[in-house]
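Each of the two complexes below includes chain A, the first together with chain B, the second together with chain C.
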Partner chain A sequence: MRAANYKLILVSLGAAVLFILPVLAGLLGTWLPALGYLPSIGARQISIAPVLAVLSHPSSYSSIQATLSSALLATAGAFFISQWLCMQLYGSDSWSWIKRSIALLLAVPHLAFGIGFAFLISPSGWIMRLLSPDLSGFNVPPDWLIINDSYALSLTLVLILKEVPFFLLMSVAAMGSFDVAKTLQVAASLGYSRSQAWLKLVFVQMYPQLRLPLYAVLSYSLSVVDLSIILGPTAPPTFAVLINQWYGDADTDFRLLGAAGASLLLLMVTVLLGLLFALEKLCCKLFSKWLLAGPKKPVLSPVASVSRGIAKVTLVGLWVSTILALAVLLVWSFARQWRFPSALPSKWSLKYWQLSWQQLGEPLLNTALVGFCSAAIAVSIVVAILHWQSQRNSFVTHGTSSSSQLLLWLIYLPMLVPQVSFLFGIQVLLVGLALEGKLVSLVWAHLIFVLPYCYLTLAKVFLQFDNRFMQQAMILSQSRWKSFWMIKMPMLFTPIAFSFAISFSVSVSQYLATLYVAGGRFDTITTQTVALASGADDRISASFALWQFCLPLLVFVTAIAIPQFCFRRRKGL
Partner chain B sequence: MTISNKKSALAASFNITRGLLIGFGLCAASFGLSAADQSAATMTASPAWQQTLATAKGQTVYFNAWGGSETINAYIRWAAEQVKSKYQVTVKQVKVTDTANVVSRLLAEKSAGRTSSGSVDMVWINGENFKSMKDNGLLSDPYTQQLPNYLLVDIENKPSTLYDFTTAVDNLEAPWGMAQLVFMYDTAHLDNHPQDMQSLLSTVQSNKGRFSYPAPPNFHGTSFIKQALLELIADKSLLSKAVVKEDFSRVTAPVWAYLDKLHPLMWRSGRSFPSSGGQMKKLLNNSEIFISLTFNPNDASNAIANDELPDSIKTYVHSKGTLGNTHFVAIPFNATAKEGAKVFANFLMSPAAQARKASPQVWGDPTVLAMQKLTKAQRQSFSELPLGQATLSAEQLGTVLLEPHASWVAALEQEWLSRYAK
Partner chain C sequence: MRQTNPIVFELQKFQLRLDGVAVFPEISIQLTAGELLVVMGPSGCGKSSLLAAIAGSSGSEFELYGKVILQGRQLCDLPMERRQIAIVYQDDLLFPHLDVAGNLLFALARGNAQERMHSVKRALASAGLAGFEKRDVATLSGGQRARVSLLRSLLAKPKLLLLDEPFSRLDAALRQDFRQFVYSQIESMNIPALMVSHDRQDCPNSQFYALQDAQMQMLNGGYV
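So, the complex of A and B:
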């Protein structure tokens, strides 16, 4: 048994080395050029000139400003809305429906949603078309700055709409670790109002498990590129897009600027995460008295039912915006001519689906292949690590050991470090090893980003698995493997399949990682969608965006259907 | 200013000879129409080229080309099928969003010491990116002189085939197509089109918010700024030379004064800009803007045929001429399939491929070939091409203004960013 544990330790350490070292190497490969060292363009002078060049670049200041404001607003907004929805709707008739349907909302990729949403709300978008010309009086679209606004408000809104479901899912998972219903019941009997009970007793217990998703969303919002290209400000763009432009500038000296900008972005993310952590501590201090002060006068019930109503409306709004965004993509993909202010296309055509089908074969196959491989490997590694952890916990001591805590943060590292801040270095590294543009490196690069999400979706389930099942099985079968495969795996098959689907969809949505590592040899559906959206034939980019949505959806549906089918004769699975 | 008064080579004079000569290519060649024609034929058979063809067989060429236009992608697919069946060379288009990213990648490969089996075999390129590749030693040896069809290129009347944004081409890239800045306008909303930068301003004054251009460093946006530069500054001869830092703000002052007046009248009051020429087309289709710009004189006609634009769209050029240039294909220093890339480049310059490319129904990209260097049948394949409904004739396209020296681009972009994107 000890030997088996050591094997698992080795596996986990190996995984960490395989995924953490490259991130560090990538960071180093970015920091050196940031300090003026990039021999390929003849830059060998170590100096802070590139950093100064970034700071004095005319676009930097307002670009960073827009980035900061949109990321902070989006993260805070999405977090508060999601927690408020939980508080209002937990235990209501819509709660079980939320739990079941949240994955569907999550299955819509950011990019596809962003493109659809832009089709919806732009001044010549679907909403304005439906209102024009009769209601609005517009025969030509109004000159309103809605999409690509300089304050990045449209980008912020889309980020909020996409991150609320993510936080909801994470909250649902966090609620699984203690009995929320009972907590609320006891609290109510002690005279706590619903909102007090939630904040003082439920939220406080959930937060430790929401910390990481919160940090990840903040980092993502600060560094997102693809969505920002579609919806973000243009003159100047957000900082991550600006960095990407510098990396891609025809003047090669801009690589140094790109690297310096990427390092600055990382610094920004680090400082903000640090501040967030400090804020947590501060809140702990400030509110400790209040938390322990016991119940106060309950809020009157009519107000509560009003807020519950608003929460329901918000949730419906989330769904409606998603459905409409997909619907407008669908309409565009079948349009041949659709001019403002017609409510529907004046000419329809199947041409763009046929066209996209012709062009899609390869990218679709690549996406599926890379997604399948990275998801399968990620699930295997995560199951191995978690199984090891759960065994240790049950046999050694209870609670979380410091080594597994460290491992946890190492696994989550790629979620917190902005992609643009180390992918350039990884590209240099891969090119040096002649591994750029190989399928194996692409799968590996995706794996770096897939693994944390996979872990995040499975950790709870595994660590809560009642190990007495395993003990019982081992007594009966005398075989560790048999017990694992015949008892534990089938019992956990549903969450594992779900986690596979999440991993797959994370892989599908990788834009920068594919761009920097694939060497142009592997187009995925996502890189193609961004490329086409930049060319802006609405009809074809709509059909591509729909494909980007359909592929993960297919995997989600399969992941839900397979366990149901396999275990249709077995009770309780 | 070295403004060449060259007319587009799609000269109508060949129509006169049409019908007089019997349209057999072989006959025409034997009548001694052009020496170049014959030498092209001889070179096709030259041992060196035969050797290239033989080595190229079975190679796979990764052609890195901007992939934002489905019309162009379809043409590349067609060309790939042709070289596959004719020369057993497989061509795969790597669709890039920005050619500069390809330069980036090659640079990374060079810095890693990867001098062979690189990831890019051929790249669609011109201007700044070409200069950058040339300056950084990212190109393979000069090769276009080895290509039989290069002899048909109109280097005499199309100076931009030899000087790519004033950078000497030195046989490092093969001319593929011609481009000229052309404006599109919607006759449903505008009765008259502007004649120059000043009248563009007054048109926008009476149609507030209905014009824009992509934000530099986007290629179309930078081109618009260069066009303004060509029209507005006093001493145009400065533009053919490298930019002088000390004089820059004085020389370019009229341009910024003009843009300061134009921007508040533009789409979104100049606070946001379209991301690309493609997005401009979408805005034009939705009547968000009434005037747009393109670098392909056939763009509007294609888009109308494709229902991307309404048929009320027409095109125009400024009365004193507009910016023009050539786009090329180049082979990187570490290309894996150099021979295959040469075969493909040669095919792209062939009269058949060029005529198909020039067809408004296919792509509508003007040819780089010289009509007088072609056989009669080949010429006919060009002269018989229909003119798209919104396409200007060669005469109407008027004077082509040469691109300023490449160093102006960075200076203009920097200044633009510090004024309008801060």
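So, the complex of A and C:
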């Protein structure tokens, strides 16, 4: 077993050096320019002038305000809604359906959904068209600022709609580690109402596993760029977008401003995560007495069934909004003429698909190439680490919890640190090494973000794998190699293929990482979709957004279908 | 009997320690070819750990003392895949992605494809499972799975068979049936076997090895 141990340490170290160290280097490479040091543009004077410049910039204040309000509202909203849905719907007839369908909702990329949703709710959107002119009385689209509103409400709404399914999935996974039904039963027999039992017993047990996802969502909402460009306020935009604009400004002096802004954003994220952590501790203290205060006399009221009804409607709303968002993309992409109040296009055409097809070839190929490479590499690395880890762990019965916690935080690091806060530093680094704009660098940059998801989707599966199968195989075949490839890998083929698809879709959705590392040499479907969404023809934009959805979907479907086909005669898998 | 047959498997002053504390007293056991020894003891006395240690799959937290000798070879430093010891658990651990023949072929040494398939067929026929080659293992009954699992272990031509409560998942009727099957297989393979159990009916000759006392004991309570 020592050999496995040694290999595990080696590969983990290698992964850390390759993928976590760069994050730190990227941070450093951002902090130095933030303090006025960026030799490539001749800035060598260490000072806090760039930071002061950001703070006194006329856009900063309202930009930060919109960022904070949308991120906090979206995170809190999505978290509360998801937990409330769990509480209301667990054990109901919709629950098993939720468990099965939640992955489908998640499979729709944020960007494609955001664009579709914008086509729904904008003043000239589908909803307004369906209401006009009969109900609304509008014959021309009203002059309302719904999309890109200065309070970032539409951005917030889309973030909530996309993060609720994510939290739901995480909650379902967290509930897998203990018996919720029995817990509720016991609590009911002790006289607790369902909502009390849920909060005091189920939620409390779930929360430790929801903490990291919650932090990741908060950080993501604070620093999202692509969605924000499409839905967020424009003058000024959200802070991350503003930073991105500064970086991209023709005047290179603005890079210092960008770096300073990026560092401030990181500070903001850190402080908010710290506050969230403090809030947790405070709640822990405040509610510790309440937790043991005993059951409150349950009052029979019609409220319970009403709230369950509302929960179901909310769930349906989630689905309907997703389906409508995709449907309107589809309609737009086939539209040739669609005047305002008509519910459907008056003329249909394939012209825009053909047009987009001409522009699509290269980005689509790039996306698929980078996605396949990064997913394949991520799965290989993660499988190696988890295999060696499981060989070691199966024999260790105690004392690993703190080190595995640390490992988990390290793995989550790229998900917790705002991308815009270290990608500039990485860009500087790559330019210095003459690696900018190379396919290798792009795959590597994607891997930083793909690896965590890949690890998280596979970790449980590997740790739950009964190691006696592997031992039995080794005893029978007298070969570790053969046992690994002929027994363990095929037995885990289904989750591995699924994890490949997740990794692929994470790679496809990368916007900033592609923008900063590709050096303009590689367009992916995502960067093109963002570029087209702000300004180009709606119809082309719709077909690009659909492709951004379809490509990962295709991989998902394949990844589910192949193992099912291979094992179609095997009930035991 | 024991003096006349050569000793094939031997534990010499064998002991397992966990954090310096002995899991069970120092034991010495000798087995001849075709002999089955049943090890019994209260739960938690380290029966399964003993088998794992002999098979080489026990964890690094256990310290091993004494010698494990199989056909004159010291085993303690060998990795488990080179010890030529089969271990059968109450869970059959059949590989779910392979059919019955696939499971058996996996254990067979390389060689002529036809001959290998022939050995599989012969083995299945000997267990009353003729024609089961293409069956999905998930569709087998508990008793059939147990048989296939044992056949698989024996096809790897082990020099020692370890059985970790192999009958405890089976109902009473099947248990008796499978027990006879195991005994006859051990006899025909002519290898020593060590079985951990807590069912007194598993003991041949009405005697067993009491692990916590480190000596042979009669089922009626007397010592051998």
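Convention: the second predicted complex is superposed on the first by the 539 of 573 C-alpha atoms of A that agree within 3 Å, B and C clash if a C-alpha of one lies under 4 Å from a C-alpha of the other, contacts with A are read in each partner's own complex, and residues count from 1 in each chain.
Assume a residue touches a chain if its C-beta (ideal position, glycine included) is under 8 Å from a C-beta of that chain, and two chains touch if they have at least 3 such contacts.
Note that the structure is a prediction, hence the values are computed from the model and not measured.
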item: Which superposed partner A:93 touches (first chain B, second chain C, both, neither); value: neither
item: More chain A residues in contact [chain B versus chain C]; value: B
item: First (chain B), second (chain C), both or neither touched by A:486; value: second
item: Touched partner set for A:134, first chain B, second chain C, both or neither; value: neither
item: Partner chain in contact with A:229 - chain B first, chain C second, else both or neither; value: first
item: Chain B/chain C common contact set on chain A; value: none
item: Residues of chain C touching chain A in the complex; value: 55, 57-61, 80-87, 89, 91, 93-97, 99, 106-107, 136-139, 152-153, 156, 158
item: Chain A to chain B touching residues, read off their complex; value: 38-41, 57-59, 61-62, 123-124, 139-141, 143, 145, 148-150, 229, 233-236, 245, 247-252, 255, 336-337, 339-340, 347, 355, 359, 427-428, 431-432, 434, 436-437, 515, 519-521, 523, 528, 530-532, 534-538, 540
item: Residue ranges of chain B in contact with chain A within the complex; value: 62, 64, 67-70, 73, 94-105, 107-114, 117, 119-120, 127-129, 131-132, 135-136, 189, 208-210, 215, 217, 267-269, 271-276, 278-279, 281-283, 285-288, 307-308, 310, 410, 414, 417-422
item: Footprint of chain C on chain A - complex, ascending; value: 1-2, 394-397, 466, 468-469, 471-480, 483, 486-487, 490-491, 493, 567, 569-573
